[in-house]
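What follows is a group of structures, each given as structure tokens.
You will see two complexes here that share subunit A, one where it goes with subunit B and one where it goes with subunit C.
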Partner chain A sequence: MTKQFLLDGQPVPFEDGQTILEAARKAGHYIPSLCWHQDFPPHGSCKLCIVKAAGRHVSACATPAKEGWEVESNTPEMNGERRGLLQMLFVEGNHFCPSCEKSGNCELQALGYEYEMLTPRFRHFFPERPVDASHPDMLLDFNRCIFCELCVRASRDVDGKSVFALTGRGIHKHLTVNAESGRLADTNFSKDDLAARICPVGVILPKGRGFAVPIGERTFDTETIRSKTLKEEES
Partner chain B sequence: MSPAPAPARKLRVATTSLAGCFGCHMSFLDIDEHLFELVELVEFDRSPLTDIKDVGPCDIGLIEGGVCNAENVHVLREFRRHCKTLIALGACAVNGGLPAQRNHLPLSECLREVYQFRPGLENGQIPNDPELPLPLDRVRPIHEVVRVDYFLPGCPPSGPAIWKFLTDLIAGRTPRLAGGLLHYD
Partner chain C sequence: MSFELETAANRESLRRVAIDPVSRVEGHGKVTLLLDNAGHVKEARLHIVEFRGFEKFIQGRPYWEVPVMVQRLCGICPVSHHLAASKALDPVVGATRITPTAEKIRRLMHYGQILQSHALHFFHLSSPDLLFGFESPVHQRNIVGVAAAYPHVAKEGVLLRKFGQEVIRVTAGKRVHGTGAIPGGVNKSVSATDRDLLRKDADQVVSWSRDAVHLARRLHESNSPLYDEFGLFRSHLFSLVRADGAMDLYDGHLRLRDARGQIVRDGLPCTDYEQHIVEEVKPWSYMKFPFIRDLGPAKGWYKVGPLARVQNCDFIPSPLAEAERQDFIARGDGEPIHAPLAYHWARMIEMLHAAEVVRDLLDDPDLLSDDRLTSGPKGREGVGIIEAPRGTLIHHYRVGEDDLISYCNLIVSTTHNNQAMNEAVRQVARRYLDGRQLTEGLLNHIEVAIRAFDPCLSCATHALGKMPLAVELVDEHGQLVDRAISGG
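Let's look at the complex of A and B:
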């Protein structure tokens, strides 16, 4: 007999070693995420996949499912905490959607819509994060970085280049480029790298594309991140 | 949904633009023929639509734009004092928006760049008339200066979003922008 746990009262089957997030999505239930990617080990930094399992808060992406667990995810309490996490992500960086090329295709923004975040609520940090436009094909706008490390992992584990790294601690943590000059142009980074396509927000952007697809006709202008994620899981 | 019963008296509404571009006010006018319904339900106090200069006791205050200078702080506090319900209208009021993108630059550098070093400028100098409000070192969203009751994001929020929000509020419902009406861009 297959093992199962209860997600918001619904039985979800799982295999040993599967995380709550993997099993839930496979069974057609949406648990949000920003730093999680099916091709990489869990990172557990964005915390948006937070669920209450057996009464404790855990990251669904990093917690193996257990037989008979009762897991709460799509509840006012958990969604409220997700909204709070999103608000913290928004004030920690400089997220100005109207002037961002990624607007409409941005997962952070799409989750803001999904969880009806109307205000960042907290005091803005307005951190100073200069952009790097040195590379001929790609632009780095660090203002929008959420430290998910997807580019770090993709560049290191798939592209074999280790172009990116996170450095500093706490509020001083930031994304850096692995070159003595610190400039992207002085690395072997290419627009064909996986790291060039994997950013969930608007940090790593191709040059020369801009607003080719107008605001209003973009991915999350026509579809919610919930339905897009579940559709991708099915295919 | 049955139409809301008409309020006993018209609600009084004030609007203003602080560090904004009046785009949100333009979008407000984009509710088009709903304006006729709206004026049956509300009357306007201080607003660019009435040209009344000082805000009086109001039910609803709509604030477009962030807070970039001392006059903005003064006007915003006046609105808070006089409006039962204060609403941040649009991206700049909600998070500072475009004007806040000067926040990582020293203010003196911004002023010198514009008024002293801009190409083609002769005898440039930084304006220093006592009538000019002093700029703040950083542009702030309005919730960092006063308590704000509701937020309506968007650059600008669309006419339908503003209409949905106002009709919810006037009917006594908690305003909700679900689905396609919620946008940050």
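Let's look at the complex of A and C:
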């Protein structure tokens, strides 16, 4: 007999080793994420997949499903937590959607809409993060980094280059380039690397290409991040 | 004569009256008047009180973001900044000439914007003053009052603006702050469905625009002494014109006429603007004062915008607007018309021209083509000049080897009109306010003069917000004597 847990009262089947997020999405239930990627081990840093399982707040991407658990996800309480997390992510960096090339294709922005984030709520940090335009093909705009480490993991585990790393602690944490000069041009980074196209926000972007896709034809102009994620899960 | 009333001799002993903020204009400004004990005006200044700093923070950003970023200077005519920046950055991607499709789509977007912005200004912002009188009851002096007393006028104004906004949506993706133009061309063509949607209303829009010219003309001619003399001062006229002297609001070369109407500079290439225009900074305003370099600050200032353009060009290349222009010029009897209130009439002639251009462009099959982008050997510098609804708009950028903006200079339409607006304020203060008991209606005269220029003060300081007009009368000890609140 298949094991199952209850997600918002709905039975969700799972196999041993599957996380709550994997089992839920496979069964057609949306749990949001930013730092999770199916090709990499769970990271658990963005916390947007937060659910209440057996009375405790856990990251759905990193918590194995358990038989008989009652899990709360799409509830006012949990969605409120997610909205708060999104608001923190927005004020921590410099996210100026109006002039960002990633606008319309950005997962952070799409989640802001999905969870009805109407105000920043918290005081903006306005961190000083200069861009790195040294590379001939790619631009690094650190202002938009959410520390998901997808580029770090892709560069290290797939591209075999370890171009990126997080450095600093706590409030001073930031993305850095693994070169003595700290410049992307002084690494063997290539526009064809997986790390060059995995950023869920607008940090790593090809140069010279801005707003080439008109409004109305960008990814999240035509569907929500919820429907896009579930559609991808089905295919 | 020029600059009289700019700075009073004994400022400390004078009574200060402030109109703060000026209402029914775009952005945030204030007027201060210094009066002596007899109520005589000794100083009058239009101040721009906000500082925005776009030129500074654009530096260090990648060039391809700029046309979308700088349009946030303004919510009324963002298309002007969007297109001026795109034009300036075309050479950076090696597009010395863009494709016919790209140019026509940009022109369509621009003339759609001229239409909506001119309609907004005339019907929503200025028509209450013109239809009801400058001292009419303040509760009536707004677009809601116009809708109650002249419903067809208000309706046509609202629908004209709506049509212009739709043209922008079709070409830029959104009515406000779209993304249609990119360095080297445009990112989308016009669909046949959207073209047909606009074409369906285009003839009606031309007809309503013509009615609007006739309304502005009727208002002017029915009260000539007021309209011809109110805030009158003489100055040079400055604008772009096409190579053959035609009115062209998207591209061309620079032309300057003197106050008598003689062309004194012509054929100036846009890229040479820095050789001819200098901006002076005055300590009391965040808005600079441009003037023609070799004429000097006292004589070299000028007017821009509809009143300048309609008289600076040799002809308007659309028949209905050209016929209206000829009637307008005839009124000057061989001399240029300098009356600030004539701006409204000229503005409506331009709106009619924009409606005709939009209608004709909609029949052009190039709009539907996919030939949208040009590229070539990269450049490092570009100047883009466009005739925005309020006047000549200059964008100038330099781009570093790393593709980041290293230099940005913006001279916006309202900035060109800075000295002109101050002159108009002083003329009105001298003629209508001097020695009189100040009332809200009298102070509105000052605002009427400023509104004629359709200033966009937020753009000109490179303000957000909307506040009611508060007028405070303060005595020489700083004590509040009287306070009136209106507008908003």
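We take it that the second predicted complex is superposed on the first by the 233 of 235 C-alpha atoms of A that agree within 3 Å, B and C clash if a C-alpha of one lies under 4 Å from a C-alpha of the other, contacts with A are read in each partner's own complex, and residues count from 1 in each chain.
Here, a contact is a pair of C-beta atoms (placed from the backbone, for glycine too) under 8 Å apart; a residue touches a chain by one contact, two chains touch by 3 or more.
Predicted model, so just to flag it, every value in this text is computed and none were measured.
Residue contacts after overlaying the shared chain place A:I215 against subunit B and subunit C alike. A count of residues in subunit A touched by subunit B and by subunit C gives the higher number to B. Looking at the shared chain after the overlay, A:S134 reaches subunit C, while subunit B stays out of its contact range. Of the two partner chains placed by the overlay, subunit B and subunit C both lie in contact with A:P98. In the superposition on chain A, A:R83 makes contact with neither subunit B nor subunit C. Of the two partner chains placed by superposition, A:R153 touches none, neither subunit B nor subunit C.
Once the two complexes are overlaid on the shared chain, A:F126 sits against subunit B while remaining clear of subunit C.
In the superposed model, A:K207 makes contact with subunit C only, not with subunit B.
In the superposition on chain A, A:L118 makes contact with subunit B only, not with subunit C. When the two complexes are superposed on chain A, the residues of subunit A that touch both subunit B and subunit C are 98-100, 215.
Of all the residues in subunit A, the ones that touch subunit B in their complex are 90, 94-100, 103-104, 109, 112-113, 116, 118-121, 123-124, 126-129, 215, 221.
In the complex of the two chains, the subunit B residues touching subunit A come out as 88, 91, 94-98, 100-101, 103-104, 138, 140-141, 143-144, 148, 150-153, 155, 176-178, 180, 182-185. Residue ranges on subunit C touching subunit A, taken from their complex, read 60-62, 64-65, 67-69, 72, 93, 172-174, 177-180, 182-183, 187-188, 402-404. Note for the complex: subunit A touches subunit C at residues 98-101, 130-131, 133-134, 139, 207-217.
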